[in-house]
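Below you'll find the structure, written out as structure tokens, and then a few comments.
Chains here go by letter, A, B, C, D and E, matching the order in which they are written, and residues are numbered from 1 within each.
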């Protein structure tokens, strides 16, 4: 069975790497190979979910690469594998160019996700974690001729990596705290180190899960192809942020503050990003914001230690959101737009897409009896037990999700306007058709979106809770479930009647991206430029100046000197201009001035020394006499 | 065996240097042949290596050389040096392949690089300070001629700067060595004996001065802020293979000196001054990355990332000197990471420099502004560069991650101060992505149009180097098994 | 007492003629003044019982000065009596250096606590010097002989424009 | 006539010679200055011999000084001749091509 | 009275060789003076062999304690003989068939004799005479070319030599007066308790004379001039051989002085000033021989390091002797290259030498990097031992100064090397190379490397007691 566990990771990694390396030569076979591989991975995932193997190999000294399947993994892993398979099938119909690269990267990504889910040690986790980030970059920037998309990939990668620094720090702190690098033992870290570990893990997870304040990267990530959004930015990578917190829930609890922090960040994200989603006019943007909001519940679940509920929500959301993204992708390729106003009535035009999408939207809205309704209530029940305000905020988030899901639903199913065609083809020329490969996965995913609520109901839910050891947790009361169901249905219906507000702060993703630009990116770039100037002009020049000085000390050698002096003058000139523009180096003058002073002194000394060789004999005599007198004085004074 | 490995390239260099009438092709292939033979010999060495007990040396050879000053021809390898020896063989072999089509005085070039290879190998196996110094200085001389003879742009000036600067460092080193020699009783230059004796243990002042001299020498070579200013011009004006060797191997001489000489031979001083090393390391990490971020010249940028990457090594060895509450394991991890980083940086940066050299070979410019959308005309080039860039920014599955993870986990485990260096990996990521974006993506523009893709002799060495990095990144334990015992020994020694 | 008077007389003569060397207005006179100074010192040596050496000094210097005069006439084409000259440079510096040197030396001479005389002169000084030269200090004289040989060769090489192969006037023109 | 007085006279001779050596422009005159310095040394050597250590070494020393004087003088003439022939001048000030 | 003429066999060989060379030369026609050369060479070889044989003798003094037969003497003899041989080798092309060929050889032999006697003597009187014997042939050699420049250089060398000779005699006189003897053995006891001021004047006088021979501050003024204006073999000789004798003589002298004043400090300061002056002044030179002249001045600075710690550490003497040998061969190698390409006198004219004659360029690289002290050349080991000795003797600051100076020196050596490897200008005529000098250069370069690598075998030989 351990072989299967390995196969889970190695198979897609190797196949993916080969496809990438082969480039265009693999374009024809790539979809088939990738789908086949994903199928095998799914089979393996199911097999290991049942058999629960564990394995560990040496990796770093004192930090093995540990892989294992436990109850949590057994729930999440097959779901992710299944979604991957379905997305790949969809992609086979959607992606037309550079397929080798695309499917290779997708498989690499799958390998990374698989490793993330089964990792039991920090090195293994971080390994997969960072590869996810990198493949995400490569996939978002898949159409590299468009600078915007590459920039979006860069943003996504850098933002998540900034958060990933938390894991590096956590690793060091875990070592320092004596806990070792096993994920399950992190909570054993001693003293203040425990807080550092918890904080590190929390930051890393929040970054990946696009929670506040990192959410903005997900918005830009939507510039990638739709299957990428479906898999990476809803079902798998983003979800892994929540997954990590579920896995390390004991650590959060042990720290005494991180659990509350996670719960509140999750709840607030659910509300804030819910509002953002409501305000969006772009379908994919809306879905992206919704993803962050929904993952807020997973994070909330981790914060309140409702692991089973969180896992169920994660899986149900994966299915739902993948479905919606794929549907959006199908329309995008068919109609050439993802703007909601332009998509009015799209579901009617292609019911084969529209119906599954409707199921997904209803599930997202939390309408009875679909999956997200059940899983969300499962989480909220524990939250209420934890703190009432938390519950209220969570409920508000639920209302918002019903609002944006309703918005989508209504628009898609309204009658298309007469001039529908004029709104199409804003992004790219549409094909006006949805292929079979694109349709097939939608049905499966819709089924998932509908029934995955079973994960919280007996008997499956009970089995999972038992496996996870969550026996004493509160279950949602009937009242709560009715409340949320009524809320969802009510809001969805209301949305059909009332226009939704679209405040600018929400439409612009709370200004988080801009804020990051202003607070972090620009200052760093400024600093970098200032330092570079400092490096060129001060550090380097002081050395050069010393060289010039020593050389000047010797005088002569005109050519050399000319060149250097020329250049120094030139450099001073440009330096002056730039300094006038407000170079950030305040102490340039002092530092540089000192260097120049030393230089000048040395130069004078050198000239003086060489001037002693006058050619005048009597002056030699005098000098010799003076030196000897000095020597005599030295001898007599130091005895 | 070691002597054969060290002096075979030298012998070949002498033959090539003397044989004036040799056709160019013959000298190129001879060069390649010798480097391949070296690779094979080193493979035998690695295969036959068995971690010696008690931190001893393998393949040890010792001959009388200058007994009256306590110096002998003493060579041997252990877990610290063997990886670097292997790295040297690999990088030089890659350079030989890369230069197969080089038309500029190939015979002299081959001879010079073989000579350089000898000095580099010799330095890493040297177990005697004088022997170490001899190779240290000769490598400077060799590199001077490489830059001055085959460089471009202001090569003469850059070479002179390189020589003067690093020579200053080497003399500081020599002064430090003499201090060690005189402090030992009986006087000796033998490294294992000095390590065993740990002279200057009870003389804090003298220890500080000697360590200061040695640190200065090594810091110039490494280079660390603020002694790095020779590096960017040297790299910018050096030929591609020269840069590869300079960054891949020569920089390691500095960091290798830390773990081989400074730490074990001066444990007390090292402990006392570890915070300085640590601080310099942190500054180098951040400063190097930030300055690299602002560069508009690809090669300069890669050069500055070397400052950043070597900064990690400094952080690790500095943290290893913070002997506090029994974080022994963490400090060992840090030192292992430091040595891994040397190997990793050698592989990855050499590859990147070889790639950057292609730009100049084709169109004579390194300026990012001159290029755009290179991925269209040169997909293989773009792909390899992407791999190299990601490897360099510490992506898992490449050696850089293995090294940096260990360095961070270990250093932070030893002292919280090391946390300050962590943003370095974010900055490197930013700078590589920015550079990649400017060079390769977007619409094809500027001199990128009609840019010929990589040819086989360019592809093979880079691919090979990156493949090795991948191998280490995925299956690091064979390498780490080699290094870890030695790192344990070093940490044990420095904790005395 | 007599010794004292004689010494002071010689001392005055020696120093005065020494000064005169650089005060007279022709080179020939300077030569004579120098000779006088040497003779005075040579005579002073007699006061110390160094008869032999004193005489040697006097004879040598007189010879030498004669040579110098001849040299000036022969090689430099000067009329020793009639060439008035004052060719000095840096007079003030020279005076200062010389004066300061004298001050330092004099201060040293007067302030230093000179050791006691050790031993007594040999009965026959000339014999003693002969013994020394043929005995313990033989190497000195052996080396001196080499010095004389070197001087002859060297001086000839420098002074004579033509070598043995003076059949080739082109060389001289070229050099 | 004490050691000090004799030495003072010797020092005076030495310094007069030094003055000449520094101040004179004509090579032969510089040589005369040097001779005068040696003159002082001779007197000092005699004084040391007489007042401090009347060993035979002192006499040999005097011999050496006299020899040196003679030999240097001979070389001086040779050099002056050479200078005169090759540069047409016997002044040190005229021979300052080699400097710096 | 240990009159052992056999102990002076090498010196006798030199003297007899000088006389015979001159005689042979005067009977030979101008075109066939190679006979004289042969005689001179034979004399030098004989002197070398006899010196090597004498190395086995126990350390002792002969001739009434005026001449030491010990390791230092042996080393001086060997180095001087070998260096003079090399000088003849590199000068053959320039000298062959000239009017003064045999005289030149005779003067070289006499100069060499002066250097050996100077380095071996343990008596101030012999030292004074040896000073003359070392100086007088130099004047002849410098002025030999008879060019205006050579005449000027000869004049300056002579006048400075005369002044410093007088100082040497003055010092000798004072030391004799204070110590009651001129032999070192007598001085060592006689100077105990002597008044320091007088002692200082005496020492300074002698030291000044020797520093003139060595070419250090304040007696360095003649060195660059002579190196620039004299014939190449003469320049090579006078920047090499006299130093060997003079520095060992200083060493012997300082070794016997009582510790009543800080002589080592004085020597150390002189060393520091000398090396700094030499290096800074060499920076801006554009004539390679003048550059080399200044470089030899700076080298004297390094050579004074072990002298400054004479008697304080046992490593000083071997360090000095080894450095002397290393320096001699390295400096001569550089001069040999200059002699081999007489047309390339300026730095810029060295351009393209590597293309024209790669072997010479290689020799030049070895020689110049050798002068810098790059391993594995001989001077590197020399510097290493010298630095070690100085540090061991308590002069760590001087080591730092010397190291900093070494870096500075690199600059001008590289300024010479850089054009060598540049491509020659199109219209640059190739002045051709001179075969003997080229061979000498390559040979010397090989020696530099050989001596550096075989330092281990050589150094123990130099570790012997000084005879007094």
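In the analysis below, a residue touches a chain if its C-beta (ideal position, glycine included) is under 8 Å from a C-beta of that chain, and two chains touch if they have at least 3 such contacts.
In this text the structure is predicted, and so the values were computed from the model without any measurement.
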item	value
Any chain in contact with chain B as well as chain C	A, E
Top chain pair, ranked by how many C-beta pairs fall in contact	C-D
Gap in Å, rounded to a whole number, between the CA centres of chain B and chain A	32
Interchain centroid distance [CA atoms averaged], chain A/chain D, Å	92
Between chain D and chain B, distance of the C-alpha-averaged centres to the nearest whole Å	64
Between chain A and chain E, centroid-to-centroid distance (C-alpha), Å	73
Of all residues in chain B, the ones touching two or more other chains	164
Sequence positions of chain E contacting 2 or more other chains	125, 129, 132, 136, 139, 143, 146-147, 154-156, 159, 163, 178, 180, 183, 197, 201, 224-225, 281, 284, 411
Multi-chain contact sites of chain D, meaning residues that touch two or more partners	14, 18, 21-24, 30, 47, 49, 52-53, 55, 57, 60, 64, 67, 71, 75, 78-80, 82, 85-86, 92-93, 95-98, 100
Touching pairs among all chains present in the structure	A-B, A-C, A-D, A-E, B-E, C-D, C-E, D-E
Complex interface listing, chain E residues touching chain C	1, 3, 15, 18-19, 22, 25-26, 30, 63-67, 99-100, 103, 106-107, 110, 113-114, 117, 121, 123, 125-126, 129-130, 132-133, 136-137, 139-140, 143-147, 154, 178, 180, 183, 193-195, 197-198, 201
Of all residues in chain A, those that touch chain B in their complex	23, 57-63, 122-123, 126-131, 134, 137-138, 141, 144-147, 150-151, 153-154, 157-158, 161-162, 165, 168-169, 171-176, 181, 524-525, 527-529, 531-533, 535, 539-540, 543-544, 547
Contact set on chain E toward chain B in their complex	315, 318, 358, 362, 369, 372, 374-376, 380-381, 384-385, 387-388, 391-392, 396, 399-400, 403-404, 406-407, 410-411, 414, 418, 421-422, 455-456, 459-460, 463
Parts of chain E lying in touch with chain A, wherever the complex brings them together	155-156, 159-160, 163-164, 167, 196-197, 200-201, 203-204, 208, 217-219, 221, 224-225, 260-263, 265-266, 269-270, 276-277, 280-286, 408, 411-412, 415
Residues of chain A defined as touching chain C within the complex	618-619, 621-622, 625-626, 629, 632
